[in-house]
Amino acid sequence: MDSESVKRAIIKQVLTESNMANARQLIEKINDNCFDKCIPKPGSSVSSSEQTCITQCMEKYMAAWNQVNSAYLRRIQQEVGNNGGL
Amino acid sequence: AELRSFITNEQQRTRIQSQTHNLTDMCWKKCVTGPIKSGTLDKGDSTCLANCVERFLDVNIATMKHLSNMRQ
Amino acid sequence: MDSESVKRAIIKQVLTESNMANARQLIEKINDNCFDKCIPKPGSSVSSSEQTCITQCMEKYMAAWNQVNSAYLRRIQQEVGNNGGL
Amino acid sequence: AELRSFITNEQQRTRIQSQTHNLTDMCWKKCVTGPIKSGTLDKGDSTCLANCVERFLDVNIATMKHLSNMRQ
Amino acid sequence: AELRSFITNEQQRTRIQSQTHNLTDMCWKKCVTGPIKSGTLDKGDSTCLANCVERFLDVNIATMKHLSNMRQ
Amino acid sequence: MDSESVKRAIIKQVLTESNMANARQLIEKINDNCFDKCIPKPGSSVSSSEQTCITQCMEKYMAAWNQVNSAYLRRIQQEVGNNGGL
């Protein structure tokens, strides 16, 4: 294996691990927040209205994540522009 | 090899215990809401705790299915 | 020390550390949840009714831990039986 | 050198993603307070989330300035 | 040897500071419940914070005694 | 560099890192608790009453930290005096 292939392998490995860690954190937060919101009193099964709530909650939480991410990145850019650091 | 399988089992046991701590904390807050009147779980607490674990894992599985469908 | 003794020593060490970590986590959670529940307004000493609450709360929390642990293990077994993984 | 700058960028990206998870969790609890009625953010949620991020970072910057003034 | 005892002391200081952060967070939430009206602690806040630390440590010690009695 | 200078350099490095970690934790807790308390509904800018609340909250939080720290240290000393350990 030449040094260029080693480099590409390392980059691929780091990206995979970083994406997995990000997905894991997102799943944890969705579970905690949507369970809390949609299932205040856990019964003997997930009712159909709870199921609807959970599906909508997941989509809404991911939309919230995307919006927070954009707002955060925009602000970081702006602060870096203003005085070279957050 | 024997030692390796021991370590693997131990790591799994540690993950399960740690997840049990989180689940107990969360389900305790959801189910044991009134003042403490005895050192044992009454029928209502006990049913709620069992349902809380089951329903949380239902949500967990649903989230992972939803995300893996989205990716395809 | 032969390799068998080394192995046994490692196993003992790992088990001890794992049990200590588990006990430490349980103690932390009991302290946080029972302090929160039994001592809403901390006074100049622990009153006798607060003391009763704390002792009962500890026992109840440990009973809750055991029940959650069994329910969790039962479900993991079931999921593994259904489709080979949680 | 190329690899090193990749690693540095990745570390920064990880910090930003991790901070995004914390901010989303906090602002979700502050802004999405009613029952879930759809899978999209309505206008009110959306404005609140954007303001929540901006105001939290304002507080963050104010705290760091305050502490660094104190130290001098 | 001198360096080793410095490191041991430092580790202890770090543990105490970290525990102080957790205690302050918890006791702040329990004791400072109204709106902020000044930058200093009033008498009520101050008494509550001191009692909160003492009572939390009482509970802490009681839990450890209880668990160690159970094991015997 | 002689061994005495190495030692002093290590001590300085450890102290700097430890103080930075402590400051970072304090800043995080102040941000979380004061944002929560002073900005219940985030608007399009920080209002002047919110700004006053935040400045006072920071000072109050630091005063609380100092008081909790003293109470904690006093109790540790006392427990060590009583039976040689917390």
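Every chain is named by a letter (A, B, C, D, E and F) in the order it is written, and numbering of its residues begins at 1.
Following the convention adopted for this analysis, a residue touches a chain if its C-beta (ideal position, glycine included) is under 8 Å from a C-beta of that chain, and two chains touch if they have at least 3 such contacts.
Per UniProt, the chains are A, C, F = Mitochondrial import inner membrane translocase subunit.
Bear in mind that the values here come from a model prediction, so they are computed numbers and not experimental data.
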A-D, D-F or E-F - pair sharing over half of the A-B contact pairs: D-F
Most distant chain from chain D by Cα centroid: C
Which of A-D and A-B has more C-beta contact pairs: A-D
Chain C and chain F, separation of their C-alpha mean positions in angstrom: 29
Length of the line joining the C-alpha centres of chain B and chain C, rounded to whole Å: 12
Centre distance in Å when chain C and chain E are each reduced to the mean of their C-alpha atoms: 21
Where chain D touches two or more other chains at once, by residue number: 27, 31, 52, 54
In chain A, residues with contacts to at least two other chains: 26, 38, 55, 58
Going from chain A towards chain B, every chain in order around the ring: A, B, C, E, F, D
Chain E to chain F touching residues, read off their complex: 2-3, 6-7, 10, 13-14, 16-21, 23-25, 27-29, 31-32, 35-41, 45-46, 49-50, 52-54, 57, 61
Interfacial residue positions of chain C with respect to chain B in the complex: 7, 10-11, 14-15, 18, 21-22, 25-26, 29, 33, 37-38, 53, 55-61, 63-65, 67-69, 71-73, 75-76, 79, 86
Complex contacts: residues of chain F adjacent to chain D: 23, 26-27, 30-32, 34-35, 38-46, 51, 54-55, 58
Chain F-facing residues of chain D, complex: 26-27, 30-31, 48, 51-52, 54-56, 58-60, 62-64, 66-67
